[in-house]
């Protein structure tokens, strides 16, 4: 069946992003101009965002192999938003990068396109291609400052393990295909019925391994801290926010779409993984003195919490996932934003060690306020967005009566509080004569500064008055297929 | 409308102080003092014109608030910003405002570094506490409950005065935060459990206090939910097994921090028990009452024993307040109207006397530059009128008749005797222990051979006025506590009525029927 | 013998997959790791073809085409990284690129 | 057709085994090419000529040649193979191979247990059918594959750039 | 006229406040002036009230305001004047005035006079409140106030640690008594629903029959409180150490007023005690035991004030004996007379001590009768009253009344104890007077002793001396309407008892004079060897109660405190923290950084998941 008009309109955001990527590439070929490329990228992303909001009213639309429904649009909007933030941060970050700067924006656009495809896929092929289109540019972005020893190491580690995970994913898909003979999720769900056969199960298992790696579920989380630590600022920001959101949305779609996933023992497996994720993620970060590794571990922990939504699967689950993802992304973007703004590609690697941040408040009050708010939000203190997320997850757990998971969340967030507080208080301690890492004086004006400040305000606003966000997410949930 | 201003003024005041720092150190202090006085005036105004007698003909179902302010917040969950004021919360808000003023006054010269940010934190603690006392929507209550920890954490971690490395300061602040946060989360789980039980029973999803009070719960579920609440308030009270954070926090906190911590934050625990744990789960509270009273006893004895052994004066006073809170716990779970009224009086009395003792220890620290009791001794003649004030407040904390502490303590004991005679008998041994640690404190600091004859700085006008004001309050209210009792009266009668209904199973099957 | 049962095809794919995996785990030279990756992807492709032929649908081969392109893309990126690794550290040992820990 | 399948399957497995265990990179490459050709033979045996052709041209032809080219460029001398042998000490490969064997056993068990008994008769599935699928419903995927290759192209070109020594930061701090 | 009632405690309270807030500016003369006149005015008001009361002897009550009003718990700040409270009021303000006046002289050379007078005035105010309070809560207020003032005044010379410890011990032991009293209050309130004394006396008989276990318990608790405050046997160890305070303090608090508070309490609540005969009997027995033990202890003391302290304890023993046999009027009458002559003795002792430049040890004093004539006369008159010299002294009439009540009530054993006690009394009295005034002066201070001058020194001693003689006995306390009538008995027996008691007293005096005047060397020898030495040391340490309490209560408490110093329970809180730390270390080892390890962990994860899937299929 060929692509009809409505299909094209539905795919408009994706098309716009790819078009932007290509125009950026042509732009690089014509004349290398950093500001020009950045504005072009922003234009492309904003256009896609506008297109997305335009087709908002007409969702859901069935496109061959893809479905543009509420969930896809929500995830798409989040990914585009995160990409915009990354562009703003990258601009400030790459200003002083000696090598070629424009490729980063191209890779970013490709990754954003990949994320959107992944979020909207209802077919194994698009799932696979979306995942690869998301990961491939990421290898380049992570190893972008390859002259920097740590960035190269992060790139290699992520490449190797991600490729292996893709292989697992593929083999899983092959097994599911072998079992059912169908590649589209609805078909697979139809064949599976209530209890998938053994090949199907093995396929689902390997699928879980492949996707689990990207979302750093516990047994597959070991790469996260090293990659976050080594990667250049904007790349790590994108990896922590957009890529995880997209992959989690796919996992969510898999769980909601295929009843096979609702089976009791699979719920038990997911619960075990969730519990492990919460505890291991928080425990590893306990005495962490490197801020980027700390944020890496916190992302492991947060996706441990988020898995609870997968375990429950019905009732509040979809809405909780939407809200939690939004609040998590906003907080992580703000935190990584500050880290990126403070570090420069050539200051001996990114500024991550906590002693760089000691006493930052007494020189840069606003920047520290942003980092404090984001850490508080990650810790889930009231009047920040993170609290709304934690409240939702706890409500979900209590409503579904999963007392083990609820206990895990409580213990996890208490342990989590310890290292968030430890990192936060370091900002305010006065250490005379320490080597100071200063954000470039006019950071406030710079695009990145504005964005980070906006994010911090957003975090507080969502904490104080979360109703618009919740209304938006519940609106989305209404017309999600499957 | 005044209610929302009670929260906004300290909030905006805090921000103004932070920015006011540019124009010199004095500005934030005056702004903070101004906003706190404003809050105090509003509260006293409310007290003056509001009547808190029981409005005639109010049937038991609806909860009669003297003043209310509602605004929708998250309709999805039926959460609304619902502030309400009744006798009990008015007394405690007034107390918080007063202690806020004192906290600002007593750190006039003590805080030198980053005065603006200090006063921001100080005022935002007030925001949290006033919010806790006024919030009647459980979600809002929890939000304020956790929110008040952050500024106190910063206060202790950044302006505490422990060893140069600041290691123990941050350790104490983190311990304070973690203890309360962990138990707070358990309370959140209980709140959610209650809300979903309510939805299962009545189909409406709401967080409002009045609605949730009508939830019919099976005993087993009610017990678990009540334990969640009880644990959170027990950590804050503090009840002995969970008291670990209080001495450390006090030892490291600056004077203003200690005044706030002892004066107000401990009261939120007791307020929580009175407002939420008892009325929401009367049967479960009735079942746990003996255990709670036992814990109260352990608290009294343990607090007294440990107080005598302390070397740091602020840890000493911290343990004494643990002992006092033991009485509060007994009073709350005795459930008679007399005991509950006694609890309110003792809370106010403890706030006055313990804050005064902390202010005095702060002044001692300013003059002797040490908090170690070993280096004090024989200060009677050397400090002008400070020892006299300290004598008065030590005598108050001893429970000397004529002071408010005595009225509170004895009302609790008189009220609890019919319910649990043996508990009260052992608790009155606490009177003896109170005498031991109070006089020990007095002797170690002021009596005995003086170390040197040089006389130190006497109290200046500000300090003299503060202490005299507090002393006047303790003595005058000690002899004429009726205004305090009339204000908190109706609220306490309501709690007592609910608590008694649970004790005598009402004929209808509904455990909480409107019979 | 009329035709090859699908299970045998999958068994072959599984064996190749596991060999690739083993190679990935115990070889320290980056080239061999890249080769192992290629083997694993090839095995997955084989599995798709076997499944496709068993259900005699063309999707299997279409997926194989995707796998091939992925393998090619990853090979190029892998070798680029390998080149940088060699230039930076003068060795192909993967463990030199493991500075970050803890 | 079954004989061809089993024979070439065996060859493929043995060649792959040899690839993993050989110490000289060039030998490993050549064994891999042999293995790929064997897999191509399997495809032909199963009746997927288009896939087999692809395998030979793209996989064995293009990718392996790329590998050989890069390996030759790095002109690894004998020292490398010696070190390689050192790295392959018993301690390194025992653990992972046991683990891989365990995984294999589990996989084979599930494969054998859940066999749904479909048999491949070997009647060919022409490239036309594949083309019909690819440019029918899968059109979006093809476009996206193009984007994927573009991304890979840019990444490889950026990372592969041979930046001269002094241009880089020189401060490879920890 | 009843509006003047509150003045009796407001005036001393005003004195305290004036001294507290402007003490430094008043200077020494101004301070003493304020201190004395406030009590003088109170005494004047009391005199007026007495005159007014005697004219129309019925109880007057005046409620100032309602203290607490919660449900049926309605204690008020209400004052009630009746015969009993008037008597005590007279004693407090009268004797108090004389002692305050004497203290003006005594405290000349001392420091902290302002503090002294402030506390003394506060003490008088609290004691008045205790006596006038019409409900038990107000009584408890006075009760604790008095305990606090005694703590502050004993610890007046706060610079020496021993004084502070003595003050602390005094307050603690009385506080233990107060705790029993508090529990008694709770029990009474729970049972009778009121704290007003009049209502209690009225409702108690309706509520309980005689011998009801509840009323026995209530009476026992009240008795516990009384024992603590009046330093009777189990809780008496603090009185001897309380002598560390200045002598006027000992005179006022530890002789005349505070220690008699217990007697007043039992007398005031006689209705409750009458319903509990067993407890009443116990009171008598305790009284008897205390008077004997204190008597023996007084024999073996070396410090003037400690002898007088034990003598006070013994005399209060007599009062408790009287209460035990339900002779309430006799007890109060003895309380009044005892206040006069014991105050006289203490003030004379004070004169001696100041005269001999703070020399208190009897063995180093001697031959002072010529140099300190007024003190000598004081000791003689006071001593005579103490030893109950027949006909001429007030002590004879009051002690005789007690012994007669014991006989009339048929308690033979208590009577015997009383007689033996009076024998002991005369013995230690003679030892004291001879030790101080006869024989040769031991220390330098004693040799150059000079007598005190001025009215403040002389007049109080003279007035008290007069009151200690039969004149004091004429002041019949108007107790008729308040307390139950005393026992009656045949006049003949009464006369015989008087003769017997008088004989015993004279015998004691003669024996004492003979022994201590010319058998001093023999006595010293007996006390040094074998049984005598051991007995002497036992009595010197007041039968070893102090050491026992130290070992049984104080040392374990101190051990417990130092044991728990580091907050064992709080350490439990650190366990989860340490567990989390240990897990962190273990887990962070997995972050080795080696890529191949990461691949291995992935494969392990995959295998596990596949295993679960296989098992589930």
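Note that the chains are named A, B, C, D and E in the order they appear, and that numbering of residues resets to 1 at the start of each chain.
Methods note: a residue touches a chain if its C-beta (ideal position, glycine included) is under 8 Å from a C-beta of that chain, and two chains touch if they have at least 3 such contacts.
Computed from a predicted structure; not experimentally measured.
Common neighbours of subunit A and subunit E, listed by label, are B, C, D. Following the contact convention of this document, A, E is the list of chains adjacent to both subunit B and subunit D.
Looking at contacts between chains, the pair that accounts for the most C-beta pairs is C-D.
Look at the CA centroids: the one farthest from the centroid of subunit C belongs to E. Distance from the centre of subunit A peaks at E, each centre being the average of the chain's Cα atoms. Taking the mean of all protein C-alpha atoms as the reference point, the chain centroid lying nearest to it belongs to B.
Distance from the subunit D centre to the subunit E centre is 102 Å, each centre being the mean of its Cα atoms. Look at where the CA atoms of subunit B average out and do the same for subunit C: the two points lie 65 Å apart.
Chain centres here are Cα means. That of subunit C falls 5 Å from that of subunit D.
Separating the centre of subunit A from that of subunit D, both taken as means of CA atoms, is a distance of 30 Å.
Looking at subunit E, one finds that residues 588, 591, 593, 595-596, 599-600, 603-604, 606, 610, 613-614, 617 touch two or more other chains.
Residue positions of subunit C touching 2 or more other chains: 6, 10, 14, 17, 20-21, 24-26, 28, 45, 50, 52, 54-55, 57, 59-60, 62, 66, 70, 73-74, 77, 81, 84, 88, 94, 97-102.
Contact between chains, as defined at the top, is found for A-B, A-C, A-D, A-E, B-E, C-D, C-E, D-E. Those residues of subunit E lying in contact with subunit B across their complex are 20, 65-71, 73, 77, 137, 140-141, 143-145, 148, 151, 155, 158-161, 164, 168, 171-172, 175-176, 178-179, 182-183, 185-187, 189-190, 560-562, 564-565, 567, 569-570, 572-574. Of all the residues in subunit A, the ones that touch subunit C in their complex are 124-125, 128-129, 132, 136, 139-140, 143, 146, 149-150, 152-157, 159-160, 163-164, 166-167, 170-171, 173-175, 177-178, 181, 183, 225-226, 229-230, 288, 290, 293. On the subunit E side of its complex with subunit C, the touching residues are 588, 591-596, 599-600, 603.
Those residues of subunit D whose C-beta lies close enough to touch subunit C in the complex are 1-2, 5-6, 9, 12-13, 16-17, 19-20, 25, 28-29, 32, 35-36, 39, 42-43, 45-48, 50-51, 54-55, 58-59, 62-63, 66-67, 70-71, 74, 76, 80, 84, 87-88, 92-93, 95-97, 99-101, 103-104, 107-108, 111-112, 115-123, 125, 129-130, 132-134, 138, 141, 145, 148-149, 151-153, 155-157, 159-160, 162, 172, 174. Contacts from subunit D toward subunit E in the complex involve residues 95-96, 99-100, 102-103, 106-107, 109-110, 113-114.
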